[in-house]
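Quick notes on the structure that follows.
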Amino acid sequence: MFGSRRRGGIRGNEAVAGWLFVAPVVVILGLFLLLPILMALWVSLSGWNGQGSPFRDDVPFVGADNYTRLFTQDGLARENFMTSIRNNAYYVLLVVPAQTVLALGLALVVNRRVLRGRSFFRTAFYFPSVTSSVAISVMFLFLFANTGAVNSLLSVFGLDGPQWFADPRGLLHLTLSGLGLVDPAHPPAALTDSGLLGLSWWEWLSGPSVAMSTIIILVVWTTSGTFMLMFLAALQDVPVQLEEASLIDGAGPWQRLRYVTLPLLKPTMFLVITLGLISTWQVFDQIYVMSQGNPAKTTLTPAYLSYRTAFKDFEYGSGAAISFVLFLLIVVLTLGQRWVMRDRDRVPRTRLLPTRTRRS
Amino acid sequence: MSVAADRPRSPARRDGGRTLASHFVGYAVLVFFALVFLYPFVIQLANAFKSEPDAAANPLAPLPDPVTTAAFTRIFEGTGFPRWVANSLVVTTVVTAGRVFLDSLAGYALARLHFRGRAAVTGAVVAVMAVPGVVLLIPKFLVLNQLGIYNSYTALILPVIVDAAGVFIMRQFFVSVPVSVEEAARIDGAGVFRTFWSVVLPMARPALITLTILSFQGSWNEFPHTLVAVQSPELFTLPRGVADLVSGSLGAGSQYPLKLGAALLATIPVAVIFLVFQRHFVRGAAEGASKE
Amino acid sequence: MFHSRLRRTAIAVAAAGALAVTSACGSGFDDGATTEQSSGPAALQVLIGSSGEAETKAVNDAAAKWATATGNTATVTPAQDLSQQLGQAFAGDSPPDVFYVDASRFADYASVGALEPYGDKLANKGDFYDSLKQTFTYDGKFYCAPKDFSTLALQVNTDLWTKAGLTDADLPTTWEQLQATAEKIKAKGLTPLVVGDTRDRIGAFLVQAGGWLVSTDGKQATADSPENLQALTYFQGLQKKGLAVFPKQVDAGWGGEAFGKGKAVMTIEGNWIKGAMANDFPNVKYTVHELPAGPKGKGTLSFTNCWGISAKSKFKDQAIKFVEAMTSVDQQLAYAKAFGVMPSLKTAKDGYSQQFPADGPFVTGADYAHGPVNAPKMDSVLSDFDTQLQKLATGDPKAVLERVQKNVAAALGS
């Protein structure tokens, strides 16, 4: 009797303590995460003009207007949004494979056990990942300035570097015209006369602009180190016997890579790719610091567009709507990742990374 | 990471010539990429000490000629830099301390204490980690305004003083600690908080160091949150201040030595912490992929 | 026992959270009701979009002088990004009392009720140039006092001009001469003209051709007119021949910087360039001329800010007094001296001309200058136009104008 009462007391204490211990986290996350999302959901359905509280009676409810303007109504709002989607899609398309391949390559080289100074190289490759995105952006502004380091390096090889941040020309357009397939001043009418969602096919097919490619280079440069560490950790787990067995079988390095190492790295590879997909759709800091969407909107991304629409144009409803569309996209990607990784306990731990790479 | 030493090397010796060649290629690749990853920092350092014409004419040169600290004089006298540093120190210190304490408190509760709703809270924390930061800009601004704390230190600190990822790191750690130790303490009559504070927490040192470092780095570098939390220049933190040097009304001229110098100074604290506590950074990142 | 405790704790936590939210709501957003005028000494918050250190200092000094003389206080803060900071401030409960309002954003602020329409209460309201007053009138109400104004003119680098073998006789006064002169300069291996890549510079060519984006009454879109097409085609011609470049193409932030660094022989900038040249490039000699006339005669653009007063300010009366002090003839002449703007008062014109005889071209420009597009919701339309201008060199002027026409019409119609 006495014993069980005492036990009950401890359990009771635990219940109180449990809630008290999690209370700060629950309250703060509720207040600054859940509540704001609900508020923004309302704003995205309203015509609030940014004056006073959005929760007054006289703020009009406009239903899905802010959303339809992004998708179905022909106008500047849709065009800007679709341009930002296009830019970000090209960005994702280049950054994700590039950073994955570079990270894997670096990990494979660093992991070679005969090399000395591995930890130095590991540190060197990882260092950019830990520094501030703003500071790195400033650095790249200088590196890619017209008279900056990159262009003076190119001039050593007799090349004339482009005016990186002023150049809105799309890489795909440049390639096509370089091959003599099209004349950019007079693109084929078949592509310009029709299109999808407010942009002509010709505009959809621009490729990332020269200006955007500097940001792509920056991000690949900063994030590869992190992903390299993830590959390295996985490579440590490759059973030694397996490699030795393949060596004895006379397998060459390429065969070993192709048939032994890569299959074992598959889960990590998948993780790196999905993390990359999630974080690349959130690019913001670099755009804010380096280009503000310029030149010619070619570095506009949904995250930056939503910020600009709300805080510069006072179209808070429209800005919040863009945020929610982006939110949805990222949540779908995240759920996809978790679904595929569902039988692995490591899934939630992966979120260690996005805290640091989310602005990539 | 030093597993390599124990491994037998005999198979590698079989084909000496090829090994040597691939050895050489391996180093060449490493050195090339080390240059790619580190030389930009050298350029940054060097150009911060150059005069503006020199920076424009010889951006690649690793040595300034002439060496001048004019940029730094202007940073400290002509901009709000000292203020930004002070703000960053205050915010980072409070946020780091708050995160380490509150995250481990919650992590412990979620790992060890039995209370109804624990599973729900754990699930919520995991769900929250999936919320992308940048889509919260407008929502955060709305709530800060509604609470009447927009443009204050509270706005800079409070919303980021806990982070779901940190809670999760701590939970995972506490789950792996043997239960026996704390049970002994409990039987001695120690309360839940006492047990946590004086028995469990000291054992959590490695996890706490990792969390401290990640929090420090995260809040020192934090940028988008400051955009929607404050607008008075006297409340700017370093990243916000540096960003405005570049893109704000002061951004018109090039003034690269000045900007690079400011960015350099903003990088130094994290760089120092990184070099000292490298291992913990590596662990933080590696945890994403390694097995238990 | 365990359950009831748990429940109590849970309720306590929830209650604390709810309390925090509700109590804070009261103190947060202003509910939009009429703001009470506070009497007694005012503590004015003044937010300015400063053009540089000179302007910040001048406004600070003037505000301090006013504060001492009247027993109030006035804190001047230079904004890093004025439109963003104002936007966030209007959504909050305590926007600054007095702030700069750019003419191109004026209609946005006025249309959402952020500004106090105090213009007619000003003692010196009759003395402002009518065109400037018109710029700051919305729905028939004169909202705010024009701070000052600037116009665009042509700057010529004296040394480079000589180096290119040119004399005063070559100074262009028409589009044809501009092109001819530019070709001569180009032949010497110099870049003839650097022009900012926005409607705020290239727009001057539209005016010279007799066109503009909207009709005089601001109700109709007129972007796709033949006059505008002529202007853009002409400018595109200059670009294609390498006679005109954008500042970014020569690694400069704006025309003045490129001009000061000697990267181009001519530029088109406003009177603010004087301050920048004096500060950053004191050794560069240059002269100022009226912009070359187009097919429809002379044309330039004017820019202006007004001193906005927040509709939520608690110190409106004091704020109006403050604005009167800031826009007095003497004060405006002091500003003119400090950072090179032109006074917005008719009675200050003579004083200004005497002090700055070399500014003739800027002052004369006032007679035929065109103000910014004055309608709400135009910012995204106009920045889209800027975007089109940035790629004009490889674009089709007609398509650009048709696009602007469509967007302007949509914005005006809504």
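As written, the chain order gives the labels A, B and C, with residue 1 at the start of each chain.
The criterion applied here is as follows: a contact is a pair of C-beta atoms (placed from the backbone, for glycine too) under 8 Å apart; a residue touches a chain by one contact, two chains touch by 3 or more.
Nothing here was measured: the structure is a model prediction, and the numbers come from that model.
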{"item": "Overall pattern in which the protein chains touch one another (line/ring/star/complete/other)", "value": "complete"}
{"item": "Leading chain pair when contacts are tallied as C-beta pairs", "value": "A-B"}
{"item": "Chain of greatest Cα-centre distance to chain A", "value": "C"}
{"item": "Whole-Å separation of chain centres (CA-atom averages), chain A against chain B", "value": "18"}
{"item": "Centre-to-centre distance between chain C and chain B (centres being mean Cα positions), rounded to whole Å", "value": "40"}
{"item": "Gap in Å, rounded to a whole number, between the CA centres of chain C and chain A", "value": "35"}
{"item": "Two or more partner chains touched - positions in chain C", "value": "6, 10, 20-21, 28-29, 84, 88, 91, 251"}
{"item": "Shared interface positions of chain B, touching two or more other chains", "value": "56, 115-117, 141, 146-147, 247, 254"}
{"item": "Overlap residues in chain A, where contacts from two or more other chains coincide", "value": "11, 15-16, 19, 26, 31, 35, 53-55, 145, 147, 311, 316"}
{"item": "Footprint of chain C on chain A - complex, ascending", "value": "8, 11-12, 15-16, 19-20, 23, 26-27, 30-31, 35, 49-56, 58, 75-77, 80, 145-147, 163, 165-166, 168-169, 184-185, 294-297, 309, 311-314, 316"}
{"item": "Residue ranges of chain C touching chain B (in the complex, touch as defined)", "value": "3, 6, 10, 20-21, 24-25, 27-29, 49-51, 53, 77-82, 84-85, 88-89, 91-93, 251-254, 257, 280"}
{"item": "Of all residues in chain B, those that touch chain A in their complex", "value": "1, 3-4, 7-9, 11-12, 19, 22-23, 26-27, 29-30, 33-34, 36-38, 40-41, 43-44, 47, 55-60, 102-103, 105-106, 108-110, 113-118, 121, 124-126, 128-143, 146-147, 158-159, 161-165, 167-169, 172, 186, 191-193, 196, 214, 217-218, 220-221, 223-224, 227, 238-240, 242-243, 245-247, 254, 256, 259-260, 262-264, 266-267, 270-271, 274-275, 278, 281-282, 284-292"}
{"item": "Complex contacts: residues of chain B adjacent to chain C", "value": "56, 78, 115-117, 141, 145-151, 228, 231-233, 244, 247-254"}
{"item": "Chain A-touching residues of chain C, taken from the complex the two chains share", "value": "1-2, 5-6, 9-10, 13, 16-17, 20-21, 28-32, 83-84, 87-88, 90-91, 108, 112-114, 246, 248-251, 379-381, 384, 387-388, 390-391, 394, 407, 410"}
